[in-house]
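See the structures that follow.
Okay, so subunit A shows up in both of these, paired with subunit B first and subunit C after.
Take a look at the complex of A and B:
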């Protein structure tokens, strides 16, 4: 980009502003308080602990997608040898560096009950369901017990989180080490490994989606499920990156990121809003049209009673409103407008996961067609989100906020977005 | 700039990438004028090359075969095909889906890669788009002649009539008419609009008044003013944005032809993105198949460089792996879903009477592109030609497997059958290649095969002070351990 201005970075710009670093523990603490408040509320409510488990799964999965989206974002930037994003690449790197240990720690309230064979959320963990002599016996589950059984399930979950942790470690370690040694071979190594890692990621995301979300109704199945989750994880991670960037900038950091990069992030957000709509439509359309009972159960329940309105909320909030909302170039380049849509999409990303998980709770509690909303659902989601953002920021003070010696940093600083 | 020459740099390997400086896309350090000369001379050459003529005659011969068979079909009836209960959808729909798929690369390259700022697209977009349009022509032929009473083919369109008869709006086959029709028209407009500045260049260089008139009409009075360029760029961006969802929608609707049904092996939710990935996969394979001989024959190696071919091979690897992902999801969910008809459909594909077709498909589509993990294979002309042709074969077989295996053995064993194509089926498929190549060869001869103005936009400005590709090359290449 020959005619763009070349910027020089000051020492101050490359570091996390001291105010942000001092705020981070408070944010984490705030998140923790919200989760504890939700837990307290759960104890005081009838069926509260059951509700808590479902709400925790919803909130955790919604934010896990942010971390996974950041991971695939890093892979994609490396595999495409992208220049524009180098200046902001530390943001996704800091998000994924939370896999070890904090995302895994946050997963424990889901993982430990699974290990203990708790059947509140995953009813198929009940061995009686595959025991032919039991009154609960389910032939369909018995047929797939080779896959859906406790031991294999735990093994797979360990494998997914292990894979993601190692992937995150690889990218963060090399990128940070490059700040010190400036070795361009690190860039090459990340580019080369990113391609096969995308395949590993695709399979791990898909099967984790089958395991943690699709198996909530162990009879139901959809081959597009993994792609649907992928669309959601791109939307939520790009939104989170936008908000974290703006937050740091509000305290005077990372001033080298301007409308040029925001414009591209906005375009990605727009593209994946559209892509999500495409995938969600494909899944709905094909199941609705063929009208096969074992498939329609998923939508049938979400299309009746109060859930029908909730589904419409998802349709409008996740697709029909943000699509025209993000069309304009001015909106994507304006800080306030882009921040608005980033927050909006994070909220509706949560609504999406609520829509996937919570109807099963309504069914379980025998509430029929009611949306079983409880304020603790939002408290948990907010608490986990604050935790993730706070931990990301507190990680960020350990090193430069810019990949200082990335060979493509000059290109990124001089980057200009023509259209 | 024209007139001043610099020493050409031959044999530069621009496939390597030192992180940091961007490797040049156009080689041999030519001036703008030389690039214009290089591309236009193909169209302006008064001599007809023998190789071109022989290929053209061969293509026209096969086109003649196709036309005669279409006449035979119309006179006799669709019974001349192998379509027979239980497989009432045979090769015609297989060929239709195959050709629509081929027609996906062009618009992806010109629209989506444009929005993604992939500058390397400029060298290949023009003839990839041309190829798209010709492939859609081939695709449209098959359902067009499959309607039975071809003189009533216009009933495909919802035309008001005194009988108050309308097409069935609930049928995905009707959606196909709209999807493919929209795609064809937008692709055509995009292709033509992008060509206007280049057509004007040919017009301005034309010596014969008839040529000047012909290209003059085609170039719509293009003067190259700043205002014209401004509007051109705006229109190009808008068309790219409009064409992007179309790249997805066409094959999505084609996949609906199968997936909205309740037939095991056809009805699965991943079909739409899976078909789109497969279409891009086969489209890029066809671009490689055509680009390699064309660049050699017309001496375009400096414009369509090894880097361009390597990038296309990477796209083939990526989309081929997506197709492989879809195959495995289908297989896994067929088992996981627990529906025994679905399970049977997949076991039947892999181990039933059509196992030969299934394994041809898997080895061509999933295993073959994996060789592109290795740079040696991505940058070897013979290997990529073989792989690209195998991918084309595999993608034809994919549609054959999907269409025929599910129909041949459905729920009721007493109505099972085995599909046999007739000689008409086989010759029509070959004939459709004749149609495709006839159009493509005419395009190469009469229209600029490279987007001249777009290529110039990604050239390093040929100043002596500019860093030469040779200097970039000699920069230390980091070792990777």
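Take a look at the complex of A and C:
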């Protein structure tokens, strides 16, 4: 379509600015230092290593959602043949290309204890709990042992990360290869495969959520759990994309991305802030209304003592404040205001995962209704986040920051919103 | 010869032009608007900018598809519709809260499964729905109103080349009602901006009258539509001794006799009008002979102390062994008794705990089964308490079977004994476990 605002890209505009590339190793190193500092702090604290394991799970899952959100974002852009996002599609592509090897490496501190049968985090890994002669015997776990057993658990975890790695590889490989050969069949292939891959992704995310987070309390269950995590995926990944884009632009890169694309990312963020609230409330209300003891335990603990205030913090910080905050078109188009809400949502995404995981630590350590906060929780989260961002940026220098020969690139560059 | 008021351009059907001219024959011309065609979006956008800069207010651009940035060229200002939507949404939410508060908590307070009369979690779905409903309807209808829709007719509709604006042409229309409108100037402006087929469009001189048939049908439908409403109003003010019209049956009328209803058939057979027969005097129904007072009543006389002591042999036979009896007793106790009396029998069940927490003053705490007044009671008396209830305790005779009631009695006895147990009554292996 002919258009008034046509735009062409210079070679320099499609490259990651040299300054960003040189900063990336420093960012990764900073992240490592923070995690090591947290580990050191853990050794110096009573129950510190137990706390570290829970805090690491919290931080890792929060950032894993960013990678998974980027993966589903790519699927969605292809399946809808979206034009607006082509110009910034390299950002999620670079995020998901970290699955192999670095996200899997970062998963090892969780995976290796599981393989060793450590029961600090996943208490149901203890074989005594399904042994009828043991005093720890638990009939419910014995009934669930067909699914919740160590061998199958490890097998599933390998399968999830395998699926995600292969999906990421497929999208990144084809997109980068298109820069060289310009073959439009690659776009077509990605569109065709994206639809079934969405189903694969939905199932893997749901079951990974059941396995890694819901099984922290193996008695409790919520079938909406996977959707809840999906909402978090989208919020955190869109926030991360906004921040990465702005970071690169601050050093003079990706100048073709303007308020129109930010406006759309802001709209996605806004939509999923509300979607998160919708799903979180659906989960809460169904459990509240049915009032069945085996379902209410999850919220009962989080509604009592200090955790009640923490839950309110989540409610306001994750939904009631950002919803009106992101409502206005001007906020979504303003760089500073959008950056503010992106950072805000990333922080409250972490608070969300803290709220899911940490009450189990409080129970385990016998702290009753107290919030068991320790600065290492934040250090680990920040460290892993810096690691993910740094690795993404260092990946980005290997190829063009724009899918140069994507058939929809001109459409993306010319893109404008209507009132 | 009628002077042709419409130019016969190549795009127009001559028959169509002739019919328009005949229709307007002999009437005064009234100018509606001036329209011009453009072949490409670029020309069109440039022309739009010129019209905008010339200061016209009542004009519009026509395009078959959305063109990026056209609102800027046509000079369309950001709409206030989002603000109206916001206000409507907030109104919807307020209405939902008020509706639920007044209906559930004030006008018709009705306690459902122990939930508070007014509680936010239960109200949020309705708040959500009404917010969306008000916001969506207001947005759609305000949008239509702000666009002046629905508009059944516009003089442009009579132009064949107007149809191309939905296909492969772009257009600009300046309305004659614009305060700056001057036909020559507008035509010049549009033509200078590259417009083709610049032409003035006139209002139709006269309108075809509505066919009489439609008038008649409309009148009839209106009158008929009043009848149901009239009947409804009438029935609200006129008294009637006939039963109401039962439109939805819901299995309300069934060909059977209910227990307390009169029956003409059985009435003839047995001489009274009852649908259900009373037991014939001097007979006992099969399986209803409850001869053994020990087993079925727990007492041998009507006096205050006339209770049997000991578990009747039928109860033991029913379960096979004393262990089975006690196991059954523990299970049934846990279901029927523990909610109030507590698992150990001291009266700290969950219901009692909750009642203490509420402190409503109407609650009578359950008796401790280890109280001095309960321990010396005969087994038969405990059986009777379970069967018929006592003080505030409700009778469980209807919901717990006779053998199960005796099993509970046995279990209560075991509980009482456990409170006074000595270490030599515990099996040595378990004693070891307890010491750890």
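Basically, the second predicted complex is superposed on the first by the 414 of 419 C-alpha atoms of A that agree within 3 Å, B and C clash if a C-alpha of one lies under 4 Å from a C-alpha of the other, contacts with A are read in each partner's own complex, and residues count from 1 in each chain.
Rule of thumb we're sticking to: contacts are C-beta pairs under 8 Å (C-beta built on N, C-alpha and C of every residue); 3 or more make two chains touch, one makes a residue touch a chain.
Note that the structure is predicted; figures quoted are calculated from it, not measured.
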Original post:
Hey, is it subunit B or subunit C that touches more of subunit A?
Top reply: B
**OP:** Check the residue A:187 against both partner chains and state whether it touches subunit B (first), subunit C (second), both, or neither.
**Re:** first
Subject >> Which superposed partner A:62 touches (first subunit B, second subunit C, both, neither) >> reply: neither
**OP:** Considering only the touch criterion stated at the top, classify A:356 as touching first (subunit B), second (subunit C), both, or neither.
**Re:** neither
Original post:
What is the contact status of A:245 with respect to subunit B (first) and subunit C (second): first, second, both, or neither?
Top reply: neither
**OP:** Mind working out whether A:414 is in touch with subunit B, subunit C, both or neither, as first, second, both or neither?
**Re:** second
**OP:** Once the structures are superposed on A, label A:157 by its partner contacts, choosing first (subunit B), second (subunit C), both or neither.
**Re:** neither
Original post:
Is A:289 in contact with subunit B, with subunit C, with both, or with neither (first, second, both, neither)?
Top reply: both
**OP:** Could you tell me which stretches of subunit A are touched by subunit B in one complex and by subunit C in the other?
**Re:** 278, 285, 289, 291, 419
Subject >> Touch list for subunit C against partner subunit A, complex >> reply: 40-42, 45, 66-69, 71, 76, 78-79, 82, 86, 113-115, 121-122, 124-125, 128
Subject >> subunit A partner contacts - residues on subunit B that touch it in the complex >> reply: 17-20, 22, 115, 237, 245, 248, 252, 256, 259-262, 267-273, 321, 325-326, 329-330, 333, 335-339, 373, 478-481
Subject >> Parts of subunit A lying in touch with subunit B, wherever the complex brings them together >> reply: 81, 140, 143-144, 147, 183-185, 187-189, 191-192, 195-196, 199, 202-203, 206, 210, 219, 221-227, 267, 274, 278-279, 282-283, 285-287, 289-292, 294, 406-408, 410-411, 419
**OP:** Going by the contact rule at the top, pick out the subunit A residues touching subunit C in the complex.
**Re:** 2-5, 278, 281, 284-285, 288-289, 291, 327, 329, 414-416, 418-419
